[in-house]
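Please find the structures below.
In the two complexes that follow, chain A is the common piece, with chain B as its partner first and chain C second.
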Partner chain A sequence: MTIAHLSRRTLLQAGAALAASTALPTFAHAQAATAGGRLIVAADSEPKNLNPAIVASNGVFFIASKVVETLAEASFSGKDGLSPRLATSWEGSADGKSVTFKLREGVKWHDGKPFTSADVAFSALKIWKPLQNLGRLVFANLEDVETPDDTTAIFKFSKPTPLQLIRNALPVVSSVVPKHVYEGSDINASPANVKLIGTGPFKFTEYKPGEYYRLTRNADYWNKGEPKLDEVIFRVLPDRAGAGAALEAEEIQLAAFSAVPLTDLSRISKVPGIKVISKGYEALTYQLVIEINHRRKELADVKVRQAIAHAIDKKFVVDTIFLGYAAASTGPVPKNAPEFYDPTVPTYAFDVAKANALLDEAGYKKGADGKRFALKLRPAPYFNETKQFGDYLRQALSAVGIDAQLVNADAAAHQKAVYTDHDFDLAIGPPVFRGDPAISTTILVQSGIPDGVPFSNQGGYASKELDDVIAKAAVTVDTAARTDLYKQFQKLVATDLPLINVAEWGFISVARDTVVNVSNNPRWAVSNWSDTTLKS
Partner chain B sequence: MLLIVIILTFLLLESASGDAVDAYLLSIGGGDAIVAKSLRQSYGLDQSMLARLWLYFTSLAKLDLGWSVAFGRPVLDLILERLPNTLLLMGSATALSFGLGSALGIVAGAKPESIRDRTLSAVSLILYAIPSFWLGLVLSIVFAVQLRWLPTSGIETIASGKVGLARAADIARHLVLPVGTLALIYMALFIRVMRAGMAEAWQLDFVLFARSKGLSRTRIVLRHVARNALLPLVTMLGLQSAAMIGGSVVIESIFAIPGFGRLAQEAVSGRDAPLLMGIIVVSAVLVICVNLVVDLVYTALDPRVGASENRA
Partner chain C sequence: MRWLRNVAGTPEGAIGLGILLLLGLIALFAPILSPGDPLRIAGQPLLAPFTDPSFPLGTDRLGRDVLAGILHGTRTSLAVGIAAALAAIAIGLCIGLTAGLAGGLVDEALMRVVDAFQIVPSFLLALAFVSVIGASVPVVVVAIALGAWADPARLTRAQVLSIRERDYVASARVIGMHPAEIAFRQILPNALPPVLALSAIIVAAAILTEAALSFLGLGDPNVVTWGSMIAEGRNILRSSPSLSIFPGIALVITVIGVYLFSEGLNKVLAGRRGRV
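Showing the complex of A and B:
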């Protein structure tokens, strides 16, 4: 125990940072030069596998990104939107079949062993490509990683792989774990998947299931002078009202990922000493999408789909359901991805008369009861907002004579009903745009995806034209040409509406004013926090 | 009996749509078909239902509760980790509500239909009608957020390094709000049962006899009326134990206490069959034990109930 005589209460009474700077000599690692302090953060889930090299998900990154580093992180100002971490530079060959990474020198693992290119090669070939949920796609054609010296890793691909994709994917798929810890063992069952060993600014110190994760300062961090904090504690608070109360009572200093519900924000923003921040999630954009089952004959008609798009008042959705913390969507790529975003796609203004006319034209006249046909509508239960949008959509559709019957289920049941059994006509889903359309966006409309793949096209939509564009973009190495293809992709989706994009949103962080350097990159909540600090 | 419980639980979970793999893939934001298939294989979900049920029984016979797929840890470890918290929370809540409830029940039942009785009845009715999550949140806002007398949540101060008595005091402070919330709600039930039992006992002949003997009113209330009314209360306590061991999902979530109720809820949403069955088996065993204790208490309270006597 490094903090034997110091309770959180004493810390808080004296003001966290002040106490930290004066009363913390009991910390084994505390150094006079750093501001120090303990940052307590609300966490709502406890991933069973915390290894970000295997599970590239926000729930895992939230905690693990402070311990295990990626080759590069997202940045507001850096070249290509990246800031170098374990890699210092990257360069693609003209044929798209190799990418050379220069690695940082003088980096050490938390167990003291040096970090080398062998670790990168091992992570890529043994974990990212075969085991990681997103890496399986991004590194599908990775053949080999050559390591001519300790600080060079050359990725060799069997087919041309666009550097643009690799670059955009780096913050998500490139968590490097130590070869010497994992080699020769069953990687999926390694104890190091919970008790992480990385190169990051914080070491994984303690996990008490159901209570908290404790990360402590890595005194040997390669970036001298960082991290600023002595400890980061993720406190498990499953109840959302609990996170807000704990913030107000100064028991925690930060709640990210909208742990404080939207409806509480206007009240809590007025509490002195608390700030509400909507920045820092630009590269983690969630999209509110209506998934359509094209096996239904009515929905196979593009006029019906257009009518549904016209029936939705996106402004109302943004203002009332998201309380303004969202933006109306135009297509499958969000505005937060300026590299790809195309605003010139066909749009569908809120127009009930037009929607009715389109449905009449399609041959679905209103019956005596004012109804044209009935649909089964399944809103995903993962977010309050997806459920509320389900209620809204039912009303919006009834205004144009479509009788939508809501079917609510819990997460696992929804997942199976929509993505395996196809037991839906319309579903409401929250897919994520992960920096590049090829990572998790094209899969939403591409044909030929097997049953049971969550967040993919399970509506039976198939368009040769769209499939061709997606396939071509996947092997187009030239950045400008590839970007153009994705602009075409957006036009095709917005025209034919295999699904309907309604809104896009990022999360909200709520922090005490004492927390400094919050939200200073577009994936802040899942970045390394080495410059985050507490002031008195 | 236990066998039936296990089979029913298994079937119930089986009939819910979606399995552990669906739940897991969802939590990690998706995965492809090959990942899903290999996960199902490693969890044994590709085997038939009967084969899995048989496997469960054979390992249970060896006192092995199996492996939790949602947590990736042995079920027994998880249960042993959570059970003490729940027993502490629910045990103190039940003891407090039983003590206060029976005392207030005696006050109310000492003079049925008096103003005192009517007031207490009304209060208990109101308490009983309040949803626990609401009461929990209100108490937490008042005492933890506004007044800052108590912590908002958690079972103890994070990484405080406290040991011994200091740690016990710390845990006690954290338990005040959740225990208070639960106790207030349970108490209502005990007040009503005690009061009803006493009101009934007043009508009985032996009470009339005791009064004609010239015994003091206090003595009649405590020794004769209350003691008789205590029996249904103890029955109630036995029934309550089942709910007690199951924990309170709501209170454990609001106050972030890693307990049994929350574990059960996580097992259901993660479609974690081994964990849920482990929880049910352990709860069933505990309920049986508690009921045994209740039966023994009966013999102490009521000399007519004899442990050795053959009543057939």
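Showing the complex of A and C:
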């Protein structure tokens, strides 16, 4: 009796755990049929702080960029790759110590108050520079913002700050929030960080945690005739398999940021009424990178690093892991940044024999068991592709006699292990290239970064030559000279391999055919969608 | 070995034993049936099953042989299942025996510890343990054993409480036998059978827990396991369901085998008890 009782219970417990983890989400209540202009979009996360002026990340922009606008947005055809938003023009001084923005007239906040240069000055000095993850770097030398009149804001810097950098960073770092709402309160704890107030084409109307965000049309939007949609609903669908099914069932009309897994794309692209779009993420390039711990004596030898680069079949990575939705990398700047990209850097063709020869040359002969040495390999858990590349890299390294032992961890444990404790030999990371190498790319190889800074050089690599180029570029105001320095930077990284760039990829949107004007700018998913419409 | 023959005499036991023997053989001879690292990229990715004779069950997303994964996965599943069950039974027997024999305060204290472990769902305990310590086969074994020792401890104590009042234990005490000798030579052998019957169930639960941990990405990534194969296949469940189905079937067969075997064992033990 006792035995039977215990046995059934124990089995059920373990069985239930397995069942719970595989269970697909149930769509308890389907949204009502779409009427007029309501766009329903899959959202996979619910950021705690939705203020894009504080948290400049794609997860926040995805929802917040429709409500809170930036000074300028990225553009395929505009001058300098930008199209004006709240600023209509910008101009740098010759000494690089000031940038003057002309602001748009007749813009109103969603609460009816007028938008002025005071809002820009407040956002820049009180939020972007001290609080924002990326603004901290870009506006590090910002001293003051002068506001001679309501439509002029003059940014004053203590050290020369290249206009090229400011320009490239504008779409990401320059979300303007209303001074009258935030002033005099604790900005980080403001209720307006969730219930956003902006100048954008949509107003933030409703948020039901775990269910949806509702944005409604801003009838007073400065660009008459926009927005075209009446409503945008972000439905929270954390399960990736769920987004594809919801699209097919017409419960949602759009899934961005590869919410539909790559492996499901070939099937879903054949479903009538659904289109797969790989455009619209050109300014959000993710890079597949092998981070290297140079404290390991084997890895401190450039021959070993070159051997590892030669051991990787980038074509296999692109075709099999990314199913073709990626490109092989040559260096630390992706092809999607034509302003900086230099294709003439040294490259490392897939060549197992050469990799073996390099390792022999470096003095690490194969032992009796065919192994040279063992390494600890930590793939970042954020993407399926980074994990799969970990499985692949283990095999690729074993082909040249390096025994890589995989260590999996959740996101928090992975970041602590790699960026704080340096408990890795090789790690696989997906850093983002954000339009300018100075924003989040040079930090990956620069020396002297304190422990614990995520997505930075924590491998102990230090090269005086490279550091000098990075430091010089940071204060070079002349655009051509600065671009040249970044071409040198790419050559140095590709030659000495402080890290190995393997591939670069953007995301994929999947939409119903009825959604019009999708992916018409290089940051489309995180832009304001004012011209997006639905055709019936 | 007579009890094994008895178990095989029951229909459930015979089938269960047959399945387990087969799985044992597969686990033992996996390196001969499919030589080399089962995780190596062996061919074209996503070959459908039953199309290429060199990959009878097809290949996965990276071109790894599914059949090799299932054969080698048997080793991991059985090894983890049996090791975890042995550890759980060993701990459970010691604690249960001590509690039952010592009685009083020691009994109370130990049983409250058992309560504590029974209150926490064993899967959550394993999940927390592995995510803190890090995933490797020994850690997974310990994590599963941690959540499984409480049941055998309770059962052992119950058996001991009844056995220690029997006449032969009393007479052993009277002739001056050492308490440890009484515990291990007089009481333990008689308390053991029901606990052994429970052990088969613990093995089955351990195999499932290991699969669930691997499914959630908390298994050892350097060995192939059925759970991780199902998890990998889940991303492409719609286009290549076989990648999840084959390891799933293997898991189901194993657990059914263990369960039938324990049913057979149960019957034999119940029959013996009935005769006494």
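Here is the rule we go by: the second predicted complex is superposed on the first by the 500 of 536 C-alpha atoms of A that agree within 3 Å, B and C clash if a C-alpha of one lies under 4 Å from a C-alpha of the other, contacts with A are read in each partner's own complex, and residues count from 1 in each chain.
Keep this in mind: a residue touches a chain if its C-beta (ideal position, glycine included) is under 8 Å from a C-beta of that chain, and two chains touch if they have at least 3 such contacts.
Not measured: the values here are computed from a predicted model.
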Touching partner for A:392 - first (chain B), second (chain C), both, neither: second
Touch count on chain A, higher of chain B and chain C: B
Partner chain(s) touched by A:185 [first = chain B, second = chain C, both, neither]: neither
Touched partner set for A:136, first chain B, second chain C, both or neither: first
Partner chain in contact with A:241 - chain B first, chain C second, else both or neither: both
Contacts of A:405 with chain B and chain C, given as first, second, both or neither: second
First, second, both or neither for A:266, with chain B first and chain C second: second
Touching partner for A:413 - first (chain B), second (chain C), both, neither: both
Contacts of A:40 with chain B and chain C, given as first, second, both or neither: first
Those residues of chain A which chain B touches in one complex and chain C touches in the other: 3-4, 6-7, 241, 409-410, 413
Chain A residues touching chain B - in the complex, by the definition given at the top: 1, 3-9, 40, 45, 47-49, 55-60, 133, 136-137, 188, 206, 209-212, 214, 233, 235-239, 241-242, 245-246, 248-249, 251, 382, 409-417, 420-421, 432, 440, 449-456
List of chain A residues in touch with chain C within their complex: 2-4, 6-7, 10-11, 13-15, 17-18, 21-22, 240-241, 244, 261, 263-264, 266-267, 320-321, 381, 384, 387-388, 390-392, 394-395, 398, 405-410, 413
Contacting residues of chain C [partner chain A, same complex]: 37, 39-41, 45, 61-63, 121-123, 131, 134-135, 148, 151, 155, 158, 194, 197-198, 201-202, 204-206, 208-209, 211-212, 215-218, 221-222, 230, 234-239, 255, 259, 262, 266
Contact footprint of chain A on chain B as seen in their complex: 16-20, 22-23, 25-36, 42, 70-73, 78, 81-82, 137, 140-141, 144-145, 148, 151-155, 157-162, 170, 253-259, 262, 269-271
